[in-house]
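In the two complexes that follow, chain A is the common piece, with chain B as its partner first and chain C second.
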Partner chain A sequence: MHIQNAPLITLYILSLLLLTGCWDSVELEERAFIYGVAVDLANDSTKNDYQLRLTDQLVVPSGINTTSEGVTNQKAYRNLSKSGDNLFDINNKISKQENRTMFAEHLEVIIFSEEVVMQPDLFKKSLDVFTRTQDMRRGIKVAISKGKANALLEIVPEDVKLPSEYISTLLENQRSAEVSYPLRLGDLNEYLLMELSFVMPYLYILDDESIENDGVAVFNGKKGGIVGILNGTLTKGRNIITGDANSGTISISADDTKFTAELIDNKSKINLVNEKKNNLKFQLEVEVTGIISETADKNNPFTNSEAYEEELVKKISSLIKQTIEKAQNELQTDIFKINVYLRNHHYTLWESIKENWDTGENYFRQSDISVDVDVTIEHSGNTLYNSEKEGG
Partner chain B sequence: MKRQSKINHKKNEELSQDNSSFPIEISHYLEDNINIIKKMLGNPSDLIIRELTLGNQRKKAAIIYINGLIDNQLVQNNVLKEILSNQTETKTDLLDYLYQKIIAITDISKVKTLDDVSFGILSGNTALYINETDTVLLMGTASGEHRSIEEPQSERLIRGPKAGFIEDINTNISLIRQDIKDPNLRFETHHIGRRSKQKIVVSFIAGIVNMNIVNEVNRRLKSIDTDYAFSSGEVEQWIQDSFLSPFPQIGDTERPDRAIQSLLKGKVVILLEGTPFVLIAPITLVETFHSLEDDNQRWLNGTSLRLLRYLTAFIAIFLPSLYIALVTYHPEMLPAKLIFSIAASREGVPFPAFVEVVIMAITFEILHEAGIRLPKIIGSTIGIVGGLVIGESAVSAGIVSPIMVIITALTAIASFTTPQYSMAISLRLLRFCFMIAAAVFGLYGVILVYIVINIHIVNLKSIGVPYSLPFAPLFIKDWKGLVIRSPLMMLMNRPNYLKVTDKRKRRQTK
Partner chain C sequence: MNKLELSYEAIHDRDILIAIPSMAIAIGILYMPRKLAQPTIGLDAVLSILLGGIIIILFTWLTVRLASKFPGQSFITYASKLASKPVAIGITLLFVLHGIFITSFEIRAISNISHLYLFDKTPIEIISFVFLLAVVYAVSGSRAAIFRLNALFLPFIIVAIIALALLSFRFTEINNALPVFQTNLDGYFVTTYRSMLTISGFGVLGYLLFYVPLIKSPTQTSKASIIGVLWVIASHLIVLIITILVFGNIATSNLIFPVIELARDIELPGEFFNRFDSLFFAIWIMAIFNTSAMSFDVAVLALQSLFKKVTKLKIVFILSPIIYFISSLPKNSYETGLSGRVIGYLGLGLSIGVTLLLFLLRMIRGVK
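Presenting the complex of A and B:
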């Protein structure tokens, strides 16, 4: 195997590699990572001509480094804002201020301010850039903020260096039943394309160092905007109906009884029982499993858990009723994923009603949802509590 | 090649000219013979010629040997003493009488050519010349100095025999013989080295081995034409299949147990005089990651250790190139927090990632090389200089990032887990190819080089046996013994990829 002109061939190959290569190479220290984005209405926007204000949160790596000697009080982020017509254009404007290449593939959260999503179709329009651009991931979390969204990107708790990281982990924390699941950009995009209604996490600033995730913003798919806010308690009701309340608590505090149950499991099943368009009837079966975590009740939870279960059924039923009423009458928007159920199980019916499901004719509002609640106390806790001590 | 053969040709002529000044046959007269031997060897000071007179016939004789190569005790007691004390006997054929009755040495032969005599003397035999006789008695009295059997330094095992091969080939052969008492164990001897005339022994077990492999090895060994094979490494390079390949195509070992295991698998073991490293052929890629430890431990441990070694081989080859590719081309492929902390550690580093990696990798290679070359006592200082001074201060001086030090260290340690040292150094070399590819094309380049190497491996052969066995061609039944280490009950048969004659290895007793 003797190759003639071997040195020449090697030279060709080497120059092919060395002269053409490296065109996509950007060193890590030359990149600016966009970690969070906030979208607000600009101050100078008028009723008909909306101007958006985009805030990019860029990571400053040297501020993150905790290993170096001496605790630096350097900020780990840098927020840059600009106003303009559309987001991609604004982002381009922002890059004029930044010495490094902007890099959005590690984007973690997008926060829209309430006023942006309240405008019909503006939200949908401004979301396009996040789904159309190649370097956006479907796992980016989307949330709605009360007040200005860019203010949230300034909240730094003591233990987290990046506000976006704080918001992201905050959204993921599902220990309470009064919050919604984090909304992924991919799912959001699907809902928007199918024009379904859904709920979004709702954040507001508590103080300089904390944000609270409480309640949900209700988005009406047909109207293309936020129709209202569901507070924490009703969000819990909504989560129990959809079977999402796998953690959190339910407390009962009446004159004669006072206890708290921790939710550990929640299942729900919805069934269409009457297919008449104007009088749709749904049968909802909700199963809740809980643990007695705190009690000042006279009943012994160990021997008499039925009494607790009864109280819980009562409480949950009224909560659900309240929630359904709010959704049907006030918001007039399907927040219980009944739309998804109908689409999957009664497609022809859904096809005929989907244009008027929770707008216009509003079949959702006219439908009748009856609820059947079943509560199981799985165990009564560790303490062998007995208020009726026999013989002292 | 043409040029080389010309040189060889010239050499041949020179050598034959040297020889032609001496007669081929042994002279009839002792005086002549002694003179010829003296002249031939240049009358060295260690050439001992003991002249004596034999029996009633008053025949002149001489014992010739080279001091230091023979066992003095043996020559004195079993040869000289015996001959001198049996002076009274008279026989017609004195040489035959001595051969039959007097000399108390088992390994004794009659030779008739000067070439044989000189080779015998130089190999440590003692020659007995008798005046007016054409035949010379050559007595195997070779002893020479060699070290005792020690634990092999290059391949250590926790559980396993502590014996290693030594420089003496006869000891090495006996180490193999001791463990396999099979009459089918064969040792075929060749001599290589135009000037050194070293013994090289091809060992195999007839009845297991595929004879095509043995024939091919013998054919290749016969083609060796060199002055002196300074180690088995030279023999390896003479008989390997592809000299351009970065991979070792013939295994080497210092351990008799490994050699024996290979023999029983149906392989050929080549022993060379003067080196403790024996060659094993053929080998495959996957076998270079096998350690005897796998078989010595219980199968679960053996399998997991083997899998660990595949992982470390992957790390040793790919880690630096993955770092370059991910950091400069694809930062989106790492979790956000990891990329931020890498970015943070890279703040202030003046070099691009590739240069940083190359600096550290070459620094490590320098340290490694220095550590091997230095005497043991100074060797430990290399660790201090390398680890503390260079590693620590390079980071604090801001020349390299701490992440880079971790990657270099992990890569270095990982490359030492490969049991076959020749494979480990090949992996080190390949690492640089991957690094360059990663710097030029990112992950795309890494994959390209990976494909190129795979194509090469599939084409590579070891003594005509595909290197990529048992993957391609596929011998899926051999995977349980070669890729993982299955329980012994599942390993009843020898791996079949070498087309062994006797497939059964273990039998279940009923």
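Presenting the complex of A and C:
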């Protein structure tokens, strides 16, 4: 080494020391990941001044990793909650109880209790923090709970260690037609910005170890709050109308026949046939494809599928009628995405009625929706007859 | 300069083709969908991009056609012939300013964004300082090397845009494309103007007036430059369409950086690449680097033609602190955006104005 290079080498070594520093480095072990969040009304909130209660579910890594010895009894989560006016502020208060740095980047699910979403505009305001802060992703799932939302974060089934992970995968499971699609935060944000009405997944506690996802909560965009709950059966009707029922079952149980059809495909098409504001007429065409998966009927579904189809058309039509009636008369809220259809295909008309679509004048309520149902049975399973053979 | 160095500094038609998207694709495209979605409905802004794009193609063609008539001459030489020496000096100084401002803006904007999404504790001053050092390093070397860096980085940028579109495809909803053609004329007018601004990369396409004469044998330059602008238009179209299809028009107009949000929405299988946004950021920093290096270089090139006796390194070291100072002037990200808008409109006006002026003068005077 030449001695005249010494200053240069010192500079290099110094810059090595200086440049490798990182302001933002936080070790993985020092991070506490928030996996689920529940938002409730605090006990001391009054009619005019709502106080929110936020519960964060933090992952406890040592509880997740099972040791070779077998089952550990340690909990895999830690729920912390505080009350206050603004969620971000409450979250900050919660951080005073936690020894690790809290990170929301892996947040999976946000649960709002019914009572929060029923208050006009409170929901909208409290959602802001989730779309505004940079560590939130727009793919976070949002759901509504019956009763207290934080109670859901305590439900641990046998096979999943984290309640919020359980809820998140539960929302994604779409085997039934009686539930809503998972509602992504980004989509929710879009609906709220456009003031459209929509439906949200509705969860309630079944017992200590299970939560059930059943029915939907109906959100009225203009009123800015939930106006009611649609039960599982009517949700199925709603999903068939919007063409979302691509799984699930329809079961017929009459005196002379008993069978279950499994839905495998569902399409729907809507058309505006009368454009007069006070007498809007919509023609709905609903196509349902199913397979017969269980029958107690004497007819064999393989050769007599028409009979089965007829029964299904009758059943679906009445279900749809019930659903439309409930939406128009009781909820008075457009849950069938007709608002989206009008905006996209009849923009000028939509602009003139959107302020009074499902509030005020309520053109939705006054409109006439007629439905055409078409059912196709694709196949009837592996067997021909039920044990009881015709005439046998 | 000896002969060897001269050939080393020479650039070719293909370099111009690559330089155009490298310069024009930068910060602007990250928030372009918001700017275009606000005054329009549905996907109507596509028309504005096409229209604005055609206008920019036209001006780029004029610029290149003019500049390629004077191979081997510096801008100040041929501009003096066309419009008298004082005017040429004035225009050159304006381009120096534009280069300085654009470099400062890009540096500040990328620092703001990195601060916002990547390092929230690292001070903005440090991020922009480190970034500036990298740019200075590129600019103080050979000019041809910057063009080669452009060629090196551009494929990454194109791949990033295509990956962004493909990976977010499953979030698209066809309903978001509707309704069609409901925007009023005013909306189209405003967005065409904004498209011109972002496609011209805040007027950086005017730098071609300086770079095109460096080409030794400009035979296919016009064609190359038009293809270059077409690439820019295509990237804008892809980004706009995918953003609006995913977020819908209204949510897009409510997002400050819709394209970053889009990248953040994508979750890839696998541990390391799970977060697409970090990859996207890394690549986008290359895009910003290209733009900053080119605009810094044009300021240096213009000053070199004014002060022939001063060495390049000296110019670079005088400009760097000025650029750093200007980049630290905006108080917050709103002011940064505002300054970008002002610089952009002035730059676009400068580029188009100068091109038109010189082109007309050349027609009238018939200078060879």
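FYI, the second predicted complex is superposed on the first by the 364 of 392 C-alpha atoms of A that agree within 3 Å, B and C clash if a C-alpha of one lies under 4 Å from a C-alpha of the other, contacts with A are read in each partner's own complex, and residues count from 1 in each chain.
As a convention for this text, a residue touches a chain if its C-beta (ideal position, glycine included) is under 8 Å from a C-beta of that chain, and two chains touch if they have at least 3 such contacts.
Bear in mind that the values here come from a model prediction, so they are computed numbers and not experimental data.
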Most chain A residues touched (candidates chain B, chain C): B
Looking at A:F103 after the superposition, I want to know if it touches chain B, chain C, both of them or none. Which is it: first, second, both, neither? first
Regarding the shared-chain residue A:Q366, is it in contact with chain B (first), chain C (second), both, or neither? neither
Once chain A of both complexes is superposed, is A:D24 in touch with chain B (first), chain C (second), both, or neither? both
According to the stated criteria, A:P61 is in contact with first (chain B), second (chain C), both, or neither; which is it? first
Quick check for you: in the superposed arrangement, does A:S15 touch first (chain B), second (chain C), both or neither? neither
Which of the two partners, first being chain B and second being chain C, lies in contact with A:Y35: first, second, both, or neither? first
Would you mind listing the overlap between the chain B footprint and the chain C footprint on chain A? 22, 24
Which residues of chain C touch chain A once you look at their complex with the stated criterion? 41-42, 116-123, 126, 175, 178-179, 182, 247-248, 250-251, 254, 261, 264-265, 267
State the interface residues of chain B toward chain A in the complex, per the touch definition above. 244, 327-329, 331-332, 336-337, 339-349, 352-353, 402, 436, 439-442, 445
Chain B touches which residues of chain A in the complex? 1, 17-18, 21-22, 24-29, 31, 33, 35, 59, 61-65, 67, 103, 105-106, 108, 135, 165
Partner chain C, residues of chain A touching it in the complex: 22-24, 134, 137-139, 186, 189-190, 193-194, 340, 343-345, 347-348
